Amino acid sequence: MSPVLSTALDIAFVLVMLGVVGGFVRLVKGPSLPDRVVALDMMTVLIVSFCGLYAILSGQTAFVDVAIVVAVIGFLATVALARYVERRQHRYDGSTPVTAPGAKKEPKT
Amino acid sequence: MIVEYIMAALVLLGGFFCFIAGLGVLRLPDVLIRMHASTKAGTLGSGLILIAVAIFFSDIGTMTRALATILFLLMTAPVAAHMIGRAAFRSRVPLWNTKLEEGAEEKLSR
Amino acid sequence: MADTGAEVPRLAGGPAGWVSILIPAALFAWFAQFLGPVAAGEVLLIGFDWVPSLDIRLEMMVDGLSLTFALLITGIGTLVTLYSTSYLGAHPEYPRFVLYLMAFMVGMLGLVLSDNLIALFVFWEVTTISSYLLIGFTSDSAKSRRSALQALLVTGTGGLALLAGMILLGQAAGTFSLSEILTMGDAIRGHAHYDAILVLFLAGAFTKSAQFPFHFWLPNAMAAPTPVSAYLHSATMVKGGVYLMARMTPTLGGTEPWFWALIIAGGFTTVFASVLSIRQTDIKQVLAYTTLMALGALTLFIGVGTSAAIKAAMVFLVVHSFYKAALFLMIGIVDHEAGTREVGDLRGLALKMPVTFFAGALAAISMAGIPPFFGFIGKEFLYDAGLEAETARIWITGTIFAASVLMFVAAGIAVARPFLGKLPERFKDTHEGPWTMWMGPFLLGALSLFFGIYPDIPEVWMVGPATDAVYGSDVDVDLYLFHGINAAFILSMITFAVGLVLYLAHQRLRDGLARIIAANPIKFDPGWDRTLDGLRAIAEWQTRHLQSGILTRYIFITFATFAVAMAVTLWWQDVLNFRLDVANELEGLLFKHWAVLLFITAGAILAALTRSRMTAIAALGVVGIGVALIFIMFSAPDVAITQLLVETLVVVLVAVAMLKLPHLHVRTAEPHRPHHALLAVAVGTVTTLVMVAVLQGNLDLRLTEYFNETAYYEAYGSNIVNVILVDFRALDTFGEIAVVVIAALSAYALLRGTRYGTIREDGEALRDTVDDAVLPDPAARSADGEGRA
Amino acid sequence: MNIFGMNIALAIAWAALTGEITLPSLIVGFALGSAALYLTRPLFPGSDRYFKRTFRWVRLVVTFLWELIVSSVQVVIDVLTPQHLARPGIVSVPLDVKGEMEVLFLTNYISLTPGTLCLDVTEDCNTLYIHAMFADDPDEIRRHIKEGVERRVKEAME
Amino acid sequence: MSWILATPIIIPFATAVLAFLFRHGPEGRWLSVLGSAGLLVSSIILMLTVLDEGVIAAQMGQWPAPFGITLAADLLSAVMVVITGITGLAIAIYALADVEQRKEQLGYHALYQVLLAGVCGAFLTGDLFNLYVWFEVMLISSFGLLILGGTRAQLDGGIRYVTLNLISTILFLSGVGLLYGMTGTLNMADLHGAVQEVDNPGLLVVVAVMFMIAFGVKAAVFPLFFWLPASYHTPAISVSAIFAGLLTKVGVYSLIRTFTLIFTTDIAYTHTILLWVAGLTMVTGVLGAAAMNDFRRILSFHIVSQIGYMVLGLALFTPLALVGAVFYLVHHIIVKANLFLVAGVARRIAGSTELGQIGGLYKTAPLLALLFLIPAFSLAGFPPLSGFWAKFLLIKAALEEGGYIIAGVALAVGLLTIFSMTKIWGYAFWKPHPAGLEPRLSRLSARDRAALLTPIAALAVLTCIIGLFPEPFVQFATRAAEQLLDPQTYVQTVLAAAPEAGQ
Amino acid sequence: MELLVAIMVGVLVAASVHLMLARNVLRFIFGLVLISNAANLIIFASGRLTPESPPLIAEGETTPALDAANALPQALVLTAIVIGFGLFAFALTLVYRAYQNLGTLNSDEMRVAEPQAQKPSTAGQVAEKQYIARDADA
Amino acid sequence: MMNSIILNAATRLLVSLLLVFSVYMLLRGHNLPGGGFIGGLIGSTGFILYAIAMGPKACRKALHFEPQNIAMIGLGISLAAGVFPVVMGESFFTGQWIFIGDRASGDYIPVSSVLVFDIGVYLVVFGAILTLVLALEDEV
């Protein structure tokens, strides 16, 4: 591997990880649930990049397989979380205490 | 050698877009606008890096997988954005200075 | 009901009754055959190996002592079982009664005959269990149940001590065989464990024989049916302790501790019990306390240990068995026919129940120690032995004197009161009991007289050999009815005089005693309850604190145990004595490594501290991704893929589940608990330290090298991780997929098997009992066949 | 499709001829095969349509990639400049395409291209709601989508 | 050779698969009985082979030790598998009348059989990580069985059981990792030699303590037993019974196996800890039982207490003590499972397991009373039942070692055991039923009666046989203990078992 | 390198212990996920860390590269991950169902299996019923 | 059910794609990253997506078999792959290989009990995860 590519990889790693850090900060800050989901979704996409960079760095195609799997499943997680955001907000608006359903049955939505 | 430079450029550019995606998600004012950053810059960044991967290995198996990954991202990222965007709208996340078309509120919230 | 003239006498107990009589009778006959050889000084050993690897044999040692006991057990057993056919034969649980009684008899025989300490203990406990079941025979009565438990626990405590004593003795002697141990007296008495052995044996003997302060269970045990009282609690079981002390005399006896322990416990029990016997109004209780007194006396004299004392003890042992069994059976007949045992109620039954009266009178006279009855001889020997004692002569003699006087009184109370005097109206229709019932007391009473007149018979066949066996060498035993006017005889006469006076005044005496006892703060029987309550209170206190029902506390203790144990071991074993080469460790670390580290750390801390569920899930996702990055960075693509897939599924499942779960802060606001944080840090620190220490060493890579070399040639695969999974360690993988299947099935069962809402808040008790139980209404159950949906 | 199949067969034949079955050789083979088929299209009835569609697809992909890059640059600018430049709004667009796949394609396209992000499609498939970063003129956005993107997608997928 | 060692794992798994696929019909439950019988037969064949040949081992996949996974059986393993077969069959029969069809359709029999497979796997494996896997197999199927039925008490008990057991699992896993990190091997026989060459012997003790805690939770020793009394009284009786018999014993087995084969480098330290643990476990368990007023909860606490005795045997680490521990294991499994089965019948005919709510069984169900008394008095250590010999051996061992205090504790705990067994007897059997009910066995259908009482009677007979004829069992335990104290044969057999020995 | 992983494991363990000690059983589940990760890392690191060289045999070769990573712990971790997932999934459904039927996620409030201990006095009275008969004397 | 046309369309595309991809990962596992677990996990993600997008009922219908039966049959297949060598007189889980073609030249198709085992693993993981997810989805 030429020093050019190797340096570029090092820089790219730093950039990608900085991107991940940005996502992480957003994740912590929120403030809304969708913000957090967006942050997580973006992080999985960045992990795809990370895997790609690693594949080049190590010369192992195995990491491309990791990348493809991440692309597949990151989507699934996002969909599930998005549904959670959507439904949850419908069910419990705001932070008013919820009465536990142990005693009586709630109507299905 | 030229291939190395191309790859280096792709990798750097990809890394840059990834960085922008992260920064955008962090900096932009509301969730829908942040999604523009994550969806577009993120996908492009990853795509560029994957192209570099495809060039780097240049055997058919790896290239197909790298390209398949790109296609996959292109296919799923907007759908994911749609899901989050809809959820965000429906859960009434405050939007920054956003003009709402008449009737959109009800239609989108159902 | 007309007599059909059947030749075979009808027994109320049916076949069980016959069995119950024939077994002891046959055994009696069998043991009788040993009388000759034993009287000639032989010691017979008959038996076989039981658990040879533990040196345990089932072997009978027939010598004078054990044969005397065996004959008493089987002989009185026959009479008692005969008696029981009428007393209990109609009882629906009579067969069980017979079963317990036979079990008891076997236990008692085994106890006295075993040559092996451990076998002896086995039978000892058999008597404990069967007596428990017999005392609790009238299980409907709370009193019976309590008494049974009390007897069981008190004698059981002693039994366990005895077991320890036996093991120690076996260790000291190198064998469990009694016949061998009996020859090692000096070695045992000089052994370092002698004191412990003695204390443990005496604990067993004193509890079993109800010596003070373990005496209280015996009067309560009178809750048992009368034949049981007659058999167990006067003639046999309670003498198990006496037997043990007698048996161990050659081995453990003759030392100062032995002497003082026995004469103090025995003497105190004697006096104490005889005084209390006067205080009773239930005649059975009167007899129970006199039994205590007799046990005390026996203990006392075994403790004294002179040949005269042993002789006296053996005579008194036989004497007492006869009259006391007879008296218990007598009062049983009275109770059975007249419906009461209260001394205040019973009067003038002599004419209504002449045979019973006669039998009782014989026994009572023997008990009172009046010549020419066997009891007189017994008392004379006691006086003789007391007067001969080398130490504490006055105290021993005084004790026996007091006891004899009070026994005289008790005999009067037991027989004169119910049978003499004017017959009250209520007993008009009372009549004599059946022959099966009076036969026992009659025979025993008659024998008391017969042996008094012909003392040679018991002397030669029983008392003599028994005394030899206990004393450990030949003792000249010569039973006589009248031996001239000596100190013992004079004491006897004084006894009668004082006894008569006290008998006449006994009602006033009883009232006085009642007042004294009422004022006495030390009460053993309520003390027993307090002990149990205290035990239960301790148990509940402990359980309330330990098994508190608070899950977080359980978890805290579990982790705290881990942290403390690990920290202590790290320190104790001086593990952290290496020098960490930090510079070397940090060499080659790039931004991405640091970033991943920070990423995971921040994710973990966020997950731990956030109050938002969504943030928590996202933080988990972050940690999962971070760990996957580590797997990527350190060359584990398969693991990374799996980790990512699994982590995503975790997020998906949590997201689904949380649609119906409340917010983290709803009703479960976590109070800030510094000790939790402290423990968390401690556990984390300990883990890191151990890990660092482990990673300091070199790793032996034999296994990996083997896999690397054989994967391609022998397992035909290039992905070594996968080859390990499906070939080298396929069994692991198989187990693992079993976990996955079962996890899914279990979760499915949980979700499908319990529909939310089908179980009502208050439905719990209903489900747990009603669903599975067969209900009182059998019709409803049989209607739907097998009763299973 | 049999023309597409023939094209594939030609690509494989090319790769086999050159002796290396790699992706580049296949792509080259495919391109050469297409050219050959295009030249000989009178021999294959219906191949006109095939080429028209192929052309539209290629055009679609190329425009799409271009717009993805443009939109990303736009994001870069907004992210890197200190002030927020966006003037966001939510705009409805009436839809002509009906099939699920067409809608999917369209929305993906919209979401990845400058300034627009697809929020939802009404259940009757009649209206599309998009979030626009620069929503000063909703009609302009609508027109751009209807006449640019939607048309090209429809053409490619019909 | 291989098949002999593998069948106790294969048979229950195959049964599980078939029973699950036939779960909707009656075939499922009969398959379960049949499979359990097959397990028993195979375990007996295994036992006979071990008796005949000494330690046997088989390399899974023909990979030589220590590279592949070895299954190995010495006498301890073999007897544990036999006992698993016995209790497994007994409870499978009992389940015919105890488990409702609803639960069968949810996969009861599959869960049950996999549990048995996991238990057998744990007893037979010669590989530490594989042991972890079997622990998990056991654990997850026990989770499923525990909550099957889903009453509120089950859910609550389930949470306690699951949380605490998961912690133990993690500790076990981490311990395996660390031990591998020190020695580079996972094969237990190989570890026996490898631990001698560890650079930092003290660290080995640290890891040993980690294993002690992990297995300690499984074995329910002080102060890690909370999960057991919190949950064992909640599931179906069959489930309680199999748990009571087998699960904690796998923990004890693992303690014995690892602390005789691997962690013997600093006995003065580790086994002293075990001695303290043993004493405290005995006492706290039995006091817990004294505080309980429910049939099953009393029994549950007694499991804890009895585990203390077994750990005591290991802690003393003398030949006789290990004989006692082995004997105790065997005795306890039979007796404790049986007591739970009796509790189930009592509940069926008297309506509850809460002692305050039942009674009268002695008068109207004398057979059940007898069948209770045998295991109960055996548990309490009354001679001549099996429990007496177990306690005798241990107390003798303790006294021989000069452990007077621990012997005294063991004896006192025996007394308290009597106390709570008689509490059950007094309340459930002697005292009249508070509702005036006359609980009779005849209330059960003939089929149920047969299914419920046959296993109870069989186990009771077994208890009596062990009690009356202890010699062969003591001799057996002696040989087993010899193997444990001198693991050379085990080590050599495992490491030498040539891959070709497959046939 | 291993040092960093060790520290990270420590942090993960500390965080998960903190979560597991919470009264909210959902937090326990979160802690479980974290601590499983920690345990996996322990195994992984125990095999020592090797960067950028997966244990794969390249095409045409018969053994992996000389510096290839240790494959065994990877296989063990893989097994552990899947097992951990199974356990987690069950635990989650259990918590889910328990919440619905017990009406709470607060383990302090779950007192069905182990009901609040009765006041000692009452418990004593219940137990004492068996011992009603007491003789007045001795 | 999400009631999103966009998601539904994407799902339709993805399910079959993921299924094919998962089988690909399964079959190559012995030589490259992949194998039964990974394959099974990926295969199940497709149907999970299906369940989320269109509801568990539709997903069950698409599956044809009860997922828990799939899982159990998978377990049975894996067991059979381990028992087969026992029947052949070898140890439990001894790999049995048949090479169709010439291994030395690299032109061969391997058929092995190990592959059968991995297929069992695939089915187990696939079935088990779907059992779990569908049971949970039924609740939503």
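We call the chains A, B, C, D, E, F and G, going by the order they appear; numbering starts again at 1 in every chain.
Just so it is clear, contacts are C-beta pairs under 8 Å (C-beta built on N, C-alpha and C of every residue); 3 or more make two chains touch, one makes a residue touch a chain.
Predicted model only: the values in this text are computed from it and were never measured.
S.K.: Count of steps on the shortest touching-chain route from chain D to chain E?
M.R.: 2
S.K.: Give me the chains shared as neighbours by chain D and chain F.
M.R.: G
S.K.: For chain A and chain D, which third chains touch each of them?
M.R.: Touching chain A and chain D alike, sorted by label: B, G.
S.K.: For the interfaces E-G and E-F, which has the higher count of C-beta pairs in contact?
M.R.: Pair with the higher count of C-beta contacts: E-F.
S.K.: Could you state the distance in Å from the CA-based centre of chain A to that of chain E?
M.R.: Whole-Å distance between the two chain centres: 45.
S.K.: State, to the nearest whole Å, the distance from the C-alpha centre of chain B to the C-alpha centre of chain D.
M.R.: Taking the average C-alpha coordinate of chain B and of chain D, the gap between them is 16 Å.
S.K.: So the centre of each chain is just the mean of its C-alpha atoms; given that, what is the distance between chain A and chain C in Å?
M.R.: Centre separation, chain A to chain C: 66 Å.
S.K.: Measuring centre to centre with CA averages, how many angstrom lie between chain D and chain G?
M.R.: Comparing mean C-alpha positions, chain G is 34 Å from chain D.
S.K.: Two or more other chains in contact with one residue: find those residues in chain F.
M.R.: Correct list: 20, 25, 28, 38, 42, 44-48, 51-54, 56-57, 72, 76, 78-79, 82-83, 86-87, 89-90, 93-97, 99-104, 107, 110-112, 114, 123, 127, 130.
S.K.: Quick check on chain A: which residues sit in contact with 2+ other chains?
M.R.: Only 13-14, 20-21, 33, 37, 39, 54, 58, 60-62, 65-66, 68-69, 72-76, 79-80, 83, 85, 87-88, 100-103 qualify.
S.K.: Going by the contact rule already set, what residues in chain G reach two or more other chains?
M.R.: In chain G, the residues touching two or more other chains are 2, 4, 6-7, 10, 13-14, 31-34, 37-38, 42, 45, 48, 68, 72, 75, 79, 82, 92-93, 95, 125, 128, 132, 135-136, 139-140.
S.K.: Pairwise, which chains touch?
M.R.: A-B, A-C, A-F, A-G, B-D, B-G, C-E, C-F, C-G, D-G, E-F, E-G, F-G
S.K.: Per the contact definition, I'd like the list of chain C residues that touch chain G in the complex.
M.R.: Per the touch definition, chain C meets chain G at residues 637-638, 641-642, 645-646, 648-649, 652-653, 656-657, 659-660, 715-719, 722-723, 725-727, 730-731, 733-734, 737-738, 740-741, 743-745, 747-748, 751-752, 756.
S.K.: Quick check on the complex: what are the chain D residues that touch chain G?
M.R.: Residues of chain D touching chain G: 100-101, 103-104, 107, 118, 120-121, 123, 125.
S.K.: Per the contact definition, I'd like the list of chain G residues that touch chain F in the complex.
M.R.: Residue list for chain G touching chain F: 31-33, 37, 125, 128, 132, 135-136, 139.
S.K.: Give the list of chain B residues in touch with chain A in this complex.
M.R.: Touch residues, chain B against chain A: 1, 4-5, 7-9, 11-12, 14-16, 18-27, 31, 34-35, 37-38, 42-43, 45-46, 49-50, 52-53, 56-57, 59, 61-62, 65-66, 68-69, 72-73, 76-77, 79-80, 83-88, 90-94.
S.K.: Per the contact definition, I'd like the list of chain A residues that touch chain B in the complex.
M.R.: So the residues of chain A in touch with chain B come to 1-2, 4-5, 7-9, 11-16, 18-23, 25-26, 32-35, 37-39, 41-42, 45-46, 48-49, 52-53, 55-56, 61, 64-65, 67-68, 71-72, 74-75, 78-79, 82-83, 85-86, 88-90.
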